[in-house]
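My structure is below; once you've seen it, I'll send some questions.
Residue numbering begins at 1 within each chain, and the chains themselves are lettered A, B and C in the order written.
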Amino acid sequence: MTETPACSVRGLSAAYGTTPVLRDVDLEVPRGVVLGVVGPNGAGKSTLLKAMLGLVPPLAGQVEFFGRPLSRVRARVGFMPQATTVDWDFPTTVRDVVTMGTYGFLGWLRRPGRVERERTGRALEQCGIADLARRQIGELSGGQRQRVFLARTLVSEPDLYLMDEPFAGVDARSQQAIVGVLHGLRQAGRTVVIVHHDLATVRDYCDHVALLNGTVVASGPVDAAFTPENVRRAYDVATADDPFLDVIG
Amino acid sequence: MSFLVGVVLLAVVTAVACALPGTFMVLRRSSMLVDGISHAVLPGIVLGYFLTRNPDSPWLLLGAALSGLLVVLGSEYLTRTGLIAGDAPQGLVFPALFSVGVILVSLEFSDVHLDTHTVLVGDLNLAGFRQLTVGGLDVGPAALYVMAGVAVLNGAFVWLFYPRLKLATFDPAFARSLGIPTGLLNTALMLLVAVTVTAAFNVAGAILVIALMVVPAASAFLLTKRLSRMIAVTLVIAVGGSFAGFWLAYFLDAPTSAGMAVFQGIVFAAVFVATQSRRTVPVGGAAAAR
Amino acid sequence: MNLFEFLGNHTYRMVFLGTAAIGLASGALGAFAYLRKRSLVSDVISHAALPGALGAFLVAVLLGLDGRRLALLLLGALLVSGLAVAASGHIARASKVRVDTAMAIVLTVFFGAGMLLMRVISDGPYPGKGGIQDYLFGNATVITRADLATIVAVAALAIGVMVVFWKEFSLRTFDPAHSAFLGFGRRVDGLMSVALVLAVVIGVKAVGLVLMVALVVTPAAAARQWTRRLPTMVALSALIGAMGGGLGTYVSVNLGAVPPGPVVVLVLFTVFVVSLLLAPGRSVGHRLVQRARVRRALRETA
């Protein structure tokens, strides 16, 4: 049985101004995997997620989710942007922010009701931040902020999660909590794409990997694609026994 | 309705109408855009007056609001080109539009009752002077009803779109990923700001209207941790401040809108000082912005 | 009236030289404000100049001095505008209020205070209070020889500060973090603010407090499109400012009823639009060509 992939990207190119960032990206994300998008700084990892979601206008290419264009299946796709992009002095509490994850699917005149409150409560529990629910978001640590963003993405219960650097600036405890959530999602048959920068943990967190450097250098199951040769090509590292390759195991 | 009651009501209603969109302008870091919009409505007002000959015409209001919107769209375009840095885009567009307005006034409409002084500072008492009579009954200043209409419009907008407006203000990229039309919401908000500024023009003028839009919201921003409370506190400060500022100016025989602006400034200063002691550690956001 | 008749006339020559000097100084210092992404601070400066000048007028009259002396009014404007810049900076640093909101608050509250002072002056029996209204919209038609001397002196002072501290200014502009590390953080910012305040306050009476922001922003934004180098940009920006000031007054005199301020602004805006669309190497036109090239390259590799 061939299932339509959770997401398929064909010939995607994107540019900021006149600087090309992505060239002709092809990527297939099978259902039920955790896929890590890995590559050096400036490889276009974040841009890839944003271009897939139409947040950066693509120059060329096609993106389909569950075999259909995004506008038809928006409720099945969840996005977790980088935590640095928002104003943490904004007058809002943790519970508020998580509830905002449901806003896109409320009718224009509806307010969050019982269903949304329950979902919010569950997402807060899952991420281990229920005790912080009444805090103003500026009072949180970096790891707690990431967990708030994660909970906001969980709350709409999508089938595919696109997460931009969920482990950036995160303490050990938050890291554990986030990993727990990722594994829970995989067990529940959901699909997760994370932009990731730590080569040492790719094998622990991900089943699939896409090595990116402007374009996809290699992609597939970790054992097949996450090889020293491919990593070297993606990172433009010349020598074979560079100590930095040891970390990938 | 007595003249004084009418003018006080006008001051209070204007403060409410301005404070509602003002909250979102402060949170969007678009406070200075209020300054740009409020100056750019001038050519629209002059042309609108030329065409309608009626300072209270809804067409004049809409035309002026559209010319105010030119600043928003123009500076958004300049920012998108990536060729103009920082806060310069609006500083490029609004003086040009304001200049067109001043030149139009001095070239073509020098006969028109459009006192250049009033353009900048407004005159509440003058605005309250033209009374509206319905069936021979004096029901208060005409400007009061225009302003009340704008306040209802702003209230309806914020109430209807509150969840989406909040999310689009807090995290536009996430809002777009949920399919919320952030661009459209933004333009609608800016259009309302422009309509409000135009309607408040006679009352507060182009510069003091900023005090009504931005200052109460900024005070409330320092005092609250939730958006709903921030809006509520903004409204309380706006109403209380305009009431107190009005009477202060009345007893000192000072210009009313200037008195209200200075009073709002004093309120902000008091809130700023009072909240300083609680902020021993600078919050990450403020430090990271530099 | 042709240019020679225009310059032959004493009054017009004063106005021409005055606005050109104003444009020169605000263009030069505007380049730094632009590169530091703080152009709109000039709007705060010009609005706060109103209570400054009016306050100085009141103090002078109460002391029995001639309240119309430009140098005196400028001194008041200088102090109060400097205070306004410092206040908006302090609000943004010490609280979670953003810099744009801090500027808007200071601008409108100081202006409100200015309007209160204006009422005091127009109600009181003060000699020489005529023409005080010029600050709002600007009136360059009455620049006396003494006024011109004051304007040129203050403009020279502003440019002098810039020249003397050129090294510090340019380092602070290009690499704020490194310059703070070297110990020229806030002090250089303060000096830059002082120089900008000097350049802006001399223009308020001639150009009007609303429009001074254009003399700071527009020449710099236009100059930026033509060059990548700081010295060239500052020089070009100053030149565009001076040209806009001079040409604007000439056109305004020929139009008759139009005050020079708005005409100067529109001349500068035209220069800016042309630069934005057509400057080689960095402009909208250049971008269109480049983007088409990238698309073509993508098609060919695909």
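In this section, a contact is a pair of C-beta atoms (placed from the backbone, for glycine too) under 8 Å apart; a residue touches a chain by one contact, two chains touch by 3 or more.
Owing to the predicted nature of the structure, the values given are computational and were not obtained by experimental measurement.
Chemist: When the contacting C-beta pairs are counted for B-C and for A-C, which pair yields the higher total?
Modeler: Result of the comparison of B-C and A-C: B-C.
Chemist: Considering only mean CA positions as chain centres, point out the chain farthest from chain B.
Modeler: For chain B, the chain whose C-alpha mean is farthest off is A.
Chemist: Where the CA atoms of chain A average out and where those of chain B average out, how many Å apart are those spots?
Modeler: Here chain A and chain B have centroids separated by 40 Å.
Chemist: Can you work out the whole-Å distance between the CA centroids of chain B and chain C?
Modeler: So the centroids are 25 Å from each other.
Chemist: Between chain A and chain C, what is the separation of their C-alpha centroids in Å?
Modeler: Between these chains, centre-to-centre, one finds 47 Å.
Chemist: Indicate the residues of chain A shared as contacts by at least two other chains.
Modeler: 17, 89, 138
Chemist: Can you list every residue of chain C that touches 2 or more other chains, as numbers and ranges?
Modeler: Touching at least two other chains: 96, 287.
Chemist: Could you pull out the residues of chain B that touch at least 2 other chains?
Modeler: Residues 29, 221, 283, 285-286 of chain B touch two or more partner chains.
Chemist: Enumerate the contact residues on chain B facing chain A in the complex.
Modeler: Touch residues, chain B against chain A: 27, 29, 82, 160-161, 163-164, 166-167, 169-171, 173-180, 221, 224-227, 229-230, 283-286.
Chemist: Along chain A, where are the residues that touch chain B in the complex?
Modeler: Listed in rising order, the residues of chain A that touch chain B are 17, 50, 53-55, 71, 74, 77, 79, 81, 85-93, 96-97, 100-101, 103-106, 108-109, 111-112, 136, 138, 152, 156.
Chemist: Residues of chain B touching chain C in their complex?
Modeler: On the chain B side, the touching residues are 26, 29-32, 34-35, 39, 78, 81, 83-88, 90-92, 95-96, 98-100, 102-103, 106-107, 110, 116-117, 120-121, 206-208, 210-211, 214-215, 218, 221-222, 253-255, 257-262, 264-265, 268, 272, 275-276, 279, 282-283, 285-286, 289-290.
Chemist: Inside the complex, what are the residues of chain A that reach chain C?
Modeler: My answer: residues 11, 13, 15, 17-18, 20, 23-24, 59-60, 89, 138.
Chemist: Touching chain A in the complex: which residues of chain C?
Modeler: Contacts found on chain C: 96, 287, 290-291, 294-295, 298, 301-302.
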